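One chain, chain A, appears in both complexes that follow, with chain B as partner in the first and chain C in the second.
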Partner chain A sequence: MAANPQLNANGELQHLLSIEGLPRDILLQILDTAEPFAGVTEREVKKVPLMRGKSVFNLFFEASTRTRTTFEIAAKRLSADVINLNVAVSSQSKGESLLDTVANLSAMQADVFVVRHASSGAPYLIARHVKPHEHVINAGDGRHAHPTQGLLDLYTIRHYKKDFGRLTVAVVGDVLHSRVARSLIHGLTTLGVPEVRVIGPQTLMPAGVEALGVRVFHDMRAGLKDCDVVVMLRLQNERMNGPLLPSAQEFFKNYGLTAEKLALAKADAIVMHPGPMNRGVEIDSPVADGPHSVILPQVTFGIAVRMAVMSIVAGN
Partner chain B sequence: MTPKLPDAEALLPKLAAELKARVTPASAMIGLHTGGAWVAERLHPLLGFKDPLGLMDIAFYRDDYAKEGLKHDPKKTRIPFEVEGRDLLLVDDVLYTGRTVRAAMNELFDYGRPRSIALVVLADRGGRQLPIEAQFCGAKVEVPAGRRLRLKRAASGKLALELEDGG
Partner chain C sequence: MKLLIKGGRVVDPASGRDEVGDVFVSEGRVVGSFKDKPEKTIDAKGLVVAPGLIDLSARLREPGYEYKATLESEMDAAVAGGVTSLACPPDTEPPLDEPGLVDMLRRRAKALSRARVYPVGALTVKLAGERLTEMSELAEAGCVAFSQANVPITDTQVLWRAMQYAATFGFPVWLRAEDRWLARDGVAHDGEVATRLGLPGIPPFAESIAIASALLLVRATGTRTHFCRLSTAAAVEMIRAAKKEGLPVSCDVGIHHVHLSELDLGYNDSQCRLEPPLRSQRDRDALAAGLADGTIDCAVSDHTPVDEDQKQMPFAEAEPGATGLELLLPLVLKWGAARKLSLAKTLARVTSDAARVLGVTSGRIEAGAPADLVLFDPQQSWRVEPAALRSQGKNTPFLGYELAGRVRTTIVAGNVVYEYR
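Coming up: the complex of A and B.
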């Protein structure tokens, strides 16, 4: 039997590569640990000494200022030393291989690698080659996974809705190209959300998406009916005028979240978005800034969730 | 042979009586998760503090993280008052090596600079590894080698000291 590449011999979290394949008790351990860290981020001194002396390497083979920044803040609040490497514009362009880059950084005494890469599976490759005391956290790999985003979405849902056991959650938009959607759907089904819906045009749905345990809707109004949670996905710029969509305006008309469409969901529904938002494409400004929106709290919770993940893996 | 353990319930009023003389308008109480919080929850209402009880989990300040990792299910520290300039009564169940108290003081100073901290424990079992002593102690207890002194809380809320295996 192939061992789970994310767990050590004691079944503890060694690397965070994907929500897929994580046991329910580890998902809950991360969410439970993030709660006291959220308390730390509300204090005047927003720092604990837990990871003093440890080094976190932010290894970004693909640019993402926001994700890198939240990992950097999380590591600093744990008192770790943080080294940011924008590898896209350094060694890789000189022809160094991925594993050579990692071996070099390992020689600089790394404890945690936070990896963002355009190729699906790159963090898995790195995790297979690091030393036993080194840990890999996937910060987004290709179209595959973005587990800390999925975890912060789960944390946000639990914060506002308390219990996963009776919720209807809709994930709306470009599911096909979204690594956020996959991570989140796996988490929601693992934690027992009875109804997960995906809403979007046929052209932006992955083939066989039903196998993930979701209900598929192409009509947004039908899909939003009685939802507790609406998760909007970003429509990536490069898709807007591509062959899969007629135009951004057309997309907004059918799948943009407006106050009128949101009114079909439950009265206390929350609206989430992983950012960065395209206002007027997937979400209307009055909704993004309205009373149902928890988009900015998501960012704050994301730091606590990343603190939890880093301190759990680095301690195992 | 197993030594006779003091009755935790009988120690509470005794501790409360000693603390009463010490409480000032600047006093506030903080209990350490989990056992210390139980003791503090019992003492707090007896002493007429103006602020609610604070609760602290020192998981993020432990000195054995590098060896043991992060403990499961840490609780949120909640200190519902300003720490700055206060006379704090820090409450724990069993005082042993002193490492928990060291961690708690470090965490407290990330909230502010108290005027004083006094340590209140239900039981002191000796075995200190740090220069820390309790100012208010319910009872001194001798614990045989290889055993651990633990506070238990029954469903009724009744507290009891017990010995279990493990150092």
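Coming up: the complex of A and C.
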């Protein structure tokens, strides 16, 4: 196996492609760097000059509004120039190859590429072909990874729970197709969370998921018992009825988060969701809007975490 | 022409012969000896003299995919790899489902006078799994067996009838067993690695379920059936049981699957995107053991040249396959050495056993057999890199490896068709 493609010769973060394979120190460095940025986003002048003169290319091969917007805000708050490219509807549809697209943009002097792609591993391919001063940040690739989402989840958990060393965290729903779940699980196990659970029907569990260091529950009530953190995953519309699930209603009945089920978790449990939510499918409205929910703070922290990631890679 | 190959270590897997000696060739055949002066003498001192390799699965990409490889480039690759006979699957464009196409391919190959080419005909028209091909006509044109390549028949009625029809005329059917529904959208072994990398998986029972169905049809029809490129431990076990039962079955394994596993995918290495997928280490070990104990009859290169653009893609989008003709010999030697097998037993899987499956008289060194021979230095190692490969396909998971086993001379029908430098 080749050397870790995310780190440079000094062991510093060159690209952010996946949380898997990143040492604990780097994860903590990102979370710590994000702390003061969370303050910046609350100031009246929400800008710091750390990336002045640098160019961030948002390269989205798969449609996304939310993630692209948060990266754009994060880059602008770092004073970088941001170029948004919706590649899904431009060059790729004209038959240009992925690497040709990247080579062309590279010729326009990019410093950071933020990449989203429907195929797992695409950001690795790009990272192997960019110039040494260019950095790649994975904004979601297939089912593989969504590391900035994982990091903002970790940030949120640390914000509310302080210490990772005693927590029980449950990740609920469509783990099979979820890059968010994979990134978060790797982050939690790296930071020493003693119990990470995944909850869902067998049809939505990837093969050998236990090897990621999680306990598998098919009974949501048993799985939620005494949890400190409950992370609900989004269920894509197209998977709600077919060979994996019979209906959204039945999914909600078994795996939707209601106040009654949440009561099985610890009294001070927090509820998270990467968005966008399907109310009444994976989460009941009273829970989504209730006192345990930290879903909106997650979005705010997400900007600080993405600022931290961009400023760290651009500085290395 | 009379040819003398002098002083080499003659290894004939069919008879188990392994001794230093001379090999006499006359009129394209091996002969006991001759008195008159040879027209050509090759000094084989320090080299192994073995039957030329017989590769049961090598894509030449013609007709239809000349941008990936041409008959010329791939026949060069074959003889550079010591392969003197090869069977090519029917997944060309158009597929080998018409006698005219097969005839043209045979003529083109013959005109190049390098390795012998044995086309495997399509079992169904356009490989669509609906209508039978004209198997008798195709056999007359030169097809040695019938297959669906990598496109399984989903309609079991059609599969049953195709096997019955082939059995009527004694034609062998070659199947790469895979349940198309279970394999749908999958690109990697459905296990730990695919889960980590977020790749859609193909469960191991996609193979064993298809083998189970096919074995029941073999029992019902008596069709001589060759299972291509097993990938799982379960499949090896099933074929072992079927052979014990006395069913007319044989099977092969792609040489990559004997050495590599899902772990070699590393960080989404597209060179490891193969069909069937690389599976678990347990599966790989069972394949290597099955090849040693004879449950698996042959090792094949499953040579599939892919152009670089089609590999420089995210794993799931990359075109499957690896170049293999020039790696078959060193990789088989590596397998044999790891399992401490004799050279004769090691080479049997790519010579005499493959000849038996193919139904040809080559693959052995004895008086009267075709003089298809390879001379190689088993110790000389070489580095796998694009410039070292004659195949137009430079796509291999072994790029950068040092492999032992360098072909020095390849002889087909008594003619030297390749000499190293």
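To be clear about the criterion, the second predicted complex is superposed on the first by the 315 of 316 C-alpha atoms of A that agree within 3 Å, B and C clash if a C-alpha of one lies under 4 Å from a C-alpha of the other, contacts with A are read in each partner's own complex, and residues count from 1 in each chain.
Operating definition for what follows: contacts are C-beta pairs under 8 Å (C-beta built on N, C-alpha and C of every residue); 3 or more make two chains touch, one makes a residue touch a chain.
For clarity, every value in this text was computed on a predicted model and none was experimentally measured.
Once the two complexes are laid over each other on the shared chain, residue contacts for A:Asp141 go to chain C alone; chain B is not touched. In the overlay built on the shared chain, the residue A:Gly39 is in contact with chain B alone; chain C does not reach it.
When the two complexes are overlaid on their common chain A, residue A:Gly315 makes contact with chain B while staying clear of chain C. When the two structures are aligned on the shared chain, A:Pro49 is found in touch with chain B, with no touch to chain C. By the touch criterion stated above, A:Glu12 is placed in contact with chain B alone, chain C being left untouched. When the shared chain is aligned, chain C comes close enough to touch A:Tyr124, but chain B does not. By the touch criterion stated above, A:Gln29 is placed in contact with chain B alone, chain C being left untouched. Legend: residue contacts after superposition of the two complexes on their common chain; A:Ile73 is shown touching neither chain B nor chain C.
The intersection of chain A residues touching chain B with those touching chain C, taken from the two complexes, is empty. Here chain C touches chain A in the complex through residues 190-192, 194-201, 203, 263, 266-268, 270, 309, 312-317, going by the rule given at the top. Only residues 57, 59-61, 65-66, 68-70, 72-78, 106-107, 110-112 of chain B touch chain A when the two sit together in their complex. By the touch criterion given at the top, residues 12, 29, 32-33, 35-40, 43-45, 47-51, 53, 311-312, 315-316 of chain A touch chain B in their complex. Listing the residues of chain A that touch chain C in their complex gives 1-2, 5, 20, 97-99, 117, 119-122, 124-125, 141-145, 179, 182, 206-209, 211-212.
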